[in-house]
Amino acid sequence: MPPAIAATEVGRRFAGRWALRGASFEVGEGHTVLVYGPNGAGKTTLLRVLASALEPTSGSVSLYGQPAISQRARIGLLSHADGHYDDLSGADNLRVASRLGRLAGDVEAALERVGLAQRAQDLVRTYSAGMRKRLAFARLLLKAPDLVLLDEPYAALDTEGQGLVDELLAELRARGATVMVSTHQVARVAPRCDGALVVENGRVSRSTVPGDGP
Amino acid sequence: MKEALQQCAAMIGKELSHLWRARARVAGTAAFALATLLLFSFAGGMNADLLRHNAAGYLWIGLLLASTLSLGESFRVETEHNALEMLLLLPVRPAAIFVGKAVGNLVVLLLVGLLMIPLCVVLFDAAPREGVGKLALTVLLGTASISAPGTMHAALASRARGRDLLLPLLLFPLVVPCVIAAVQASRACFTGDAMGELSSWLAVLVGFCVVHWSLGALLFERVVED
Amino acid sequence: MRRWEIWVGLLGLGMLVFGSYYGLMVAPREVYMGDVQRIMYVHVPTAWNTLLCFTASFVGAVGWLLTRSWKWDYLIESTIITGLVTGSLLAVQGAIWAKPTWGVWWTWDPRLTSVAVMVLSFLGILALRSFVDDPVKRATWSATATVLAWVNIPFVYLCVRWMASLHQTQSTPKTVDPAMVFPLRLNAFAVLFVVIFFVATGWRIAREQRKRELAE
Amino acid sequence: MSGVIQGGWEYVGAAYGISAVTFLAFAVYLLVRARQEGVR
């Protein structure tokens, strides 16, 4: 059974600067891995390369034994840019994504689950940053991907929203999905993680989960 | 293959519903085009025959200038919050995204173009002698020719610095043959197709569309990949 | 001999001087157009080579899109700049030729207009290259734009020739006399060698720049 | 065309002159840039 994620010597350069270099690691299916490190270390680049949003300049990424770009239907990426259309309503944004990606989930249920049911018909332009993030989570729920890459999921969320993230992480784990979470809220996520990667100035290395855990 | 067509249809649907929601964009483009027509009529002087002869040229130059607005806007919407990447990761085929966006831009330009015909008739006293049908067909083929390369370069420009400068700089030389063919065909519609050249000019536009729509679908992935 | 292109350039220069001398002094006067027609011996070679330059950038574009190896990107960069220089020179030559011959600075000669539109396209692509910082994106996007611009040449030529033929009948006269063909062909190769020097040098400059840009 | 065009040598001179200047100037520009960029 090939690992969910297999990165070999993955690097990504932006106009002369290596944002990520020589990253080699594997993540078993169903595992939840914490990714931590200082700002600008390359965490976001790492997640975006794994999600095939960014093409690696060197090395290669294979998901479930296949090239990353062929597995996009199974990947869910939550990144800083939420990808919403401002002049569509929250519900319409999800319907568009659902129709284009032929996503299985139910739009109303997803909106309910992330607490946006009342504001579903309002234009996303009127949403706060936290609400936009919840909408992004709703799209993730619609897609129900096997591999979930979360880039600072707790950012911009209120306490209730952060509780929602905890529930989703538990749910994903229960469903056997493979998750990589890049966050600074290490203590909050650590109990649910099977392993951790530390990223410092473009270098990725395996490390133990701070606090308890293997 | 069927799945690809479904994605194209879904993208076109998304683009059209998006257009309906952001109707202001179409209205803005139309207002801009109509304003240029008015300016041309002032600049063109009062000689009726001259204005009638040049009506076709004014129509297409006005439409081309307006197209840079609508093309630029069609990709600002996608790059503002990186919706383009969200689509690619759904996944939606880049070629389907191209077809959707290009049809969206085509519809905007077509609506604006058709709106300009009555105004040309009034402002330049250029009653289409060959009938409005042929003129509408010319506008359809002309706008289809502009929107394919236009969509490609709008995507390119939207991701580079100096976006508003780059789009016309890249697009205008490329659409020289479309403008020539469209203007000649439109002039034949307005002032009578004495030499029977209308169908040949329309054939040129069809050829241009075939080449640039297929090239666009083929190369669009290169434009949007990161 | 590392920089072989310098010798090729000098050879081209020598041939150009001789060819031009021959065209100006030795070749017979054209019956209708008189001495003005002698501009042809530098104008037509420049036209051929400008088109060749833009075709080379198309080859570079396709090369980069298929293989992503940097040498194709160097080719795109150097041929675009060279093509812009020779293309602009061509337009100036065309204007100088047109004034005494037809009394206007610009005739809608289909070949000349096609090259002029091509030059405008490549001006846009040069601007695109300067507005994109990431070398890989710059290479890929300018390659894509180059393919679109190059594929467009036949359409421009067709439309302009057809529009011109509907309304006026100017066109450059066909040369027959062998004494005229010799300097023309000689200068064609001369300009080709000079252009090869331009492109090769531009290629090396682009390689050094990229080496620095992509420095570890 | 109105028969043989008289003279016109100034146009021929201009065309060849501008061509020569352009080629040489571009050659010099490239050589200088090559040295600046460290092309050996």
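Letters A, B, C and D mark the chains in the order given here, with residues in each chain numbered from 1 onward.
To be clear about the criterion, contacts are C-beta pairs under 8 Å (C-beta built on N, C-alpha and C of every residue); 3 or more make two chains touch, one makes a residue touch a chain.
Note that the structure is predicted; figures quoted are calculated from it, not measured.
Student: Can you name the chain whose C-alpha mean lies closest to the mean of all the C-alpha atoms?
Tutor: Given all protein C-alpha atoms shown, the central chain works out to be B.
Student: Could you tell me which chain lies farthest from subunit D when each chain's centre is the average position of its Cα atoms?
Tutor: Farthest by centroid: A.
Student: Pick out whichever of the two, B-C or A-B, is joined by more C-beta pairs in contact.
Tutor: Output for the comparison: B-C.
Student: Measuring from the mean C-alpha position of subunit A to the mean C-alpha position of subunit D, what distance in angstrom results?
Tutor: Computed from C-alpha means, the inter-chain centre distance equals 59 Å.
Student: Nearest whole angstrom, what separates the Cα centre of subunit B from the Cα centre of subunit D?
Tutor: Their C-alpha centroids are separated by 40 Å.
Student: Roughly how far is subunit B from subunit C, centre to centre by C-alpha average, rounded to an integer in Å?
Tutor: 31
Student: Can you list the subunit C residues in contact with two or more other chains?
Tutor: 133
Student: Of all the residues in subunit A, which ones touch at least 2 other chains?
Tutor: There are none in subunit A.
Student: Please list all residues of subunit D that touch 2 or more other chains.
Tutor: none
Student: Quick check: in the complex, which residue numbers of subunit C touch subunit D?
Tutor: 2-3, 9, 13, 16, 20, 24, 31-36, 38-39, 42-43, 46, 82, 85, 89, 92-93, 96-97, 99-101, 194, 197-198, 201-202, 204-205, 207-209
Student: Quick one: in the complex, what on subunit B touches subunit A?
Tutor: 7, 10-11, 13-14, 17-18, 21-22, 77, 80-83, 85-92, 225-226
Student: Note which residues of subunit B are touching subunit C in the complex, please.
Tutor: 149, 152-153, 156-157, 159-162, 165-166, 169-170, 172-174, 176-177, 180-181, 184, 195, 197, 200, 204, 207-208, 211-212, 215, 219, 222-223, 225
Student: Subunit C touches which residues of subunit A in the complex?
Tutor: My answer: residues 13-16, 18, 57.
Student: Which positions of subunit C touch subunit B when the two form their complex?
Tutor: 65, 117-118, 120-121, 123-125, 127-128, 131-133, 137, 140-141, 143-145, 147-149, 151-152, 155-156, 158-160, 162-163, 166
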